[in-house]
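In this document, chain identifiers A, B, C and D correspond to the written order of the chains, with residue numbering beginning at 1 in each.
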């Protein structure tokens, strides 16, 4: 249940303030060159403490590969990666030991398990997503061999929406902003919330380029369905769109259908997916993050013993979890596409026969 | 890959114009009274041809149980259900044999499999969803024993949105409208599109009442993630929201957090799920359907041989696929909740020990 | 839980005396020609009532394909197959309604589910294996395209063991005997037991020819492990050997190792599998069946109310379940190999890259 | 594919001569007290270098828990355990870099993956089984709460078979011998083979006591089938029996059936499993290990370039891999039973309803 994917499956472990977090990546084809520098560079994109727009917790997030790689190449056996926690301050959390933070998973974990690791949210902390990024980096290395790329950026913060989606711009922006003309306003919104001991929501837009037509396993491991699960499963995500998404529910069929010409589709309202299967066009997702639930204003809540208290959180938190979240969206998208590529290999008899010739 | 669920798993089979469609429901506890009249009544809610707002194809959708039920009760073995197709007119489809209909899965199925059953969309037809409704009806019977109910209705058609969500009203509305004051305008929009040989999109809102806190298997079989996959995997769905969804990305943390009091949450922006686990409150989903891609206006497309043609579709189609789709949303929600209830049974040692005492 | 296989997955349904039994075969590549005559011929090999060595229950076992095949070829969607029960005599079983037959699953199903379909063993009846044979026949059609064949026969009945393994001979033997010189003695043993209202055990030997090296997913979906599960899961099987099996535990390493030469292995003690992966040599299994538990002698048993009774079974039963069981062994072996071929397609990066070129 | 189990799932990673080996155990109920001393004691039973009957490679096999345990109790999140390799001597293996050792997985891994970690067998080494023992120890802690125990011992070495099965005796025997009267002869056989640069096979007998009736998910996750897979998947295992196993194929039904009385079964030929479901009696398995393929005599083999060579292995190896293997059998049995207990929780409606009350 802490695993994702069918043929390329990753499993993660670890708590925010435990010894370490990490993952297993199982099912990766043998013979892929594993560029550890690249994996680390992906983790560096997600790691906390890089700017005032992020939590002040500083983690080196140094990843170590424990298995599955020999002489620089994947061997086909599970790749275990580990990231030791170095900057956990568990004592920060003794004050929330018996209190359920509003908007957090404290209450639900306690309901489900009867106990919880209260230190920094334990397993439910977004810290776990570092392990996804490590796995996703390897998936990206695999996709690169097939000329498939995964790009993303922040399209909206606190309702301030981008008019353009410049993925190159996003790479160099400290908040991964897709629209240079909106970046400053978005930064201001984050800092204003932060100064008010509050937080803001945001939106990540993900673009998958170069995916061949035919990916997705209908009817219950569809590409859009699995991408939706992958994104909705990221901490703080509350909505997912494919292509035009919500908008497509408001228009006419004649407006929404993508006409087809000999050299491709005339438009891409579908976001690259028809009937749950990729159509060869760009795959486009919008992923909506709620504001970080960790705020420093006083809130109504209860204790484990169901006593009502007014409670103001302390600690170190991202004022806009969508920012670092966009890197996680990319990683999850990469893992989904890599899995689908492997699953799709058996879809035609002639492909099977030629494989074994 | 044509299966859904972990512990309660259903698998479907069948094509729009094949001999039959049907499903297997595996993992249902033994001893549940199986009310066949109820199952049929659920299928009747989804079946086509009931009004001018739906396709003119008439199917009785009589479901027959082939196995897994003995003397009126589930036995713990797979329940196979079959629905014979009776009103297929395959010859309607010879004109699309070599043409890819825009907005449909024709192109992608052909890309993936190298051939396709072109009769009415074959496997990719929404006709398959009758099998989901049959399985979902049994899931609802199971949920009923735990006082959990699944409700839904149409909250929006062609951009005409409901202000109120009256699930009782929806039951008696021919278009399952949630807001009586908007129903006529929504109907008009559907008929106007139909008269223009066009189609419209719409939105289904799903309410799950009575689910206990603790459902959902973090971190990769989360309740919200699985609901998102279940909904996004329904034909024509392009976006899914949990709780406030898109809106939550635009607001502050202090606005979005649900404060907690001794008798429950003060608000429900979260839609009943925190950290991927149910919190005991109502679970709320919005599911966005694109307009039916089947329209009768002339469109640009290509043939299997990549020749460009202008093509106007014939046949019988729903002008607004969201209407009947809302019944499918309910069914999928019921199946997810039932699965999560079963999966959750092993979450605590004391629950395990007392079970085997 | 009523499904088997990862990438090629079949699911079965149905009870011995219900309306029908059948299966879904999911994950089959598109474009395989489906020879229905061949599928029926495989079912005919397993069907009951062909001779005095089998149960007197006569079932036509006519299989009908409901989905997944279009114009004679697989489409990549689930193939549903159904076999209606025609010769069930449920009233034969009213006398066992409240009694647990020794050696049968009556007691355990009742323990697990709290109720049971007592008619002919319900779901636990070997009748269900007809569905496996239908699925296995399609797997064999797929394997045939890769020049892989699955053969089997009866190597032992009631302790009377074959000295030679003549798979061609087995095809024409009414008891599928592998050794012509032992066939008569084996037949005599079966009839003697039958006349004494008793039953005998037997052994099926399975040979898989032409499987390429590299099949099997270490470490927990190994080829030998999955074959063992597949065989042990057949009704009445109590032991499974790969290659020399039990014998290899009694010898020295220098005797058991298979030396390797440029053109292959010098011996095949390993039975074609090393480290859970096929080595390109013949894969050999021995599958041990207990005597049919249905005997007509009086036995000690209890009722549902835990009352002791002496009980003599009536009805129609195979005196040696291994005979028809060998066809089921073949089918399961075919399904395992087909699944492993599909799973193995992603094991090397260069295979992946060339597939998508 | 490097994972085992459905509801309680463990995944392992690591190579014989890599940095570390380890496992993830996912799905364990929250609230189980985790006794680390006990886990280490189980690893100590399997660890190498304890006597002349085992490989001379000394590994401390110190296990460290990285996650999933908080204040001494399981939290319901994945338990990651790591064992660092300390005594690997990779240079021992440069001489086998290009040679396929007979009886080993060298040839098949190379066939499958196109490359291999040749150091000590890499992933295919029995060293990986330490991770299974760590996971199995936690499963045993869980089973202990339900008064289920897993015992085992060596019943046969080199054809020298036990007449009695004394599991208490086995605990104190350096070769885990079940029959004190055969222990010395068994030891002598091992040392004689060792002195001849050869190896011997052996048999482990496993006893599961206290398992309730009802475990096992028919029809394709049967208890016997899954136990067979679990055992056959252990390095060097070539045959698995349940109960009387091979013997049951040689006898009459009247001899093999276990009569039932009000207080239980009169015999246990079935080995505690009927129809794939536990019957409440002792569950008994026999697991047959081939002789260690690593022998120091000269053997025929080939190189990666398909050149024939005569080759004598060097290094450190167990002369009888069954000895330490019996501990692994216990661990796998414990993991299977624990998984089945969790899976079985949803088998009856009344169990479900009372769970959620």
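Quick note on the criterion: contacts are C-beta pairs under 8 Å (C-beta built on N, C-alpha and C of every residue); 3 or more make two chains touch, one makes a residue touch a chain.
These numbers were taken from a predicted model, which means no experiment stands behind them.
Trainee: Could you tell me which of A-B, B-C or B-D has an interface matching A-C, in the sense that over half of the contact pairs are shared by residue number?
Mentor: B-D
Trainee: So using the touch definition from the top, which pair is joined by more C-beta contacts, A-D or C-D?
Mentor: C-D
Trainee: Express in whole angstrom the distance between the two chain centres, defined as the mean CA positions of chain C and chain D.
Mentor: Centre-to-centre distance between chain C and chain D: 26 Å.
Trainee: How many angstrom lie between the CA centroids of chain B and chain D, rounded to a whole number?
Mentor: Their C-alpha centroids are separated by 45 Å.
Trainee: Please report how many Å separate the Cα centroid of chain A from that of chain D, as a whole number.
Mentor: 38
Trainee: I need the residues of chain C touching at least two other chains; which ones are they?
Mentor: Each of 1-3, 12, 27, 30-31, 76-77, 109, 112-114, 123, 218, 343, 347-348, 350 in chain C touches at least two other chains.
Trainee: Quick check on the complex: what are the chain A residues that touch chain B?
Mentor: Listed in rising order, the residues of chain A that touch chain B are 1-4, 12, 100, 102-105, 107-109, 111-114, 123-124, 128, 156, 158-159, 193, 198-203, 213-222, 224-233, 235, 237-246, 248-262, 266, 269-271, 273-280, 288-295, 297, 299-302, 306-308, 322, 343-344, 347-348, 350.
Trainee: Would you tell me which residues of chain A are touching chain D in their complex?
Mentor: On the chain A side, the touching residues are 1-3, 9, 11-15, 18-22, 24, 26-27, 30-31, 64, 66-68, 70, 73, 75-80, 82, 109, 112-117, 122-123.
Trainee: Provide the residue numbers of chain A that touch chain C in the complex, in ascending order.
Mentor: 7-8, 27, 29-32, 74, 76-77, 142, 145-146, 212, 218, 341-343, 345-353, 355-356
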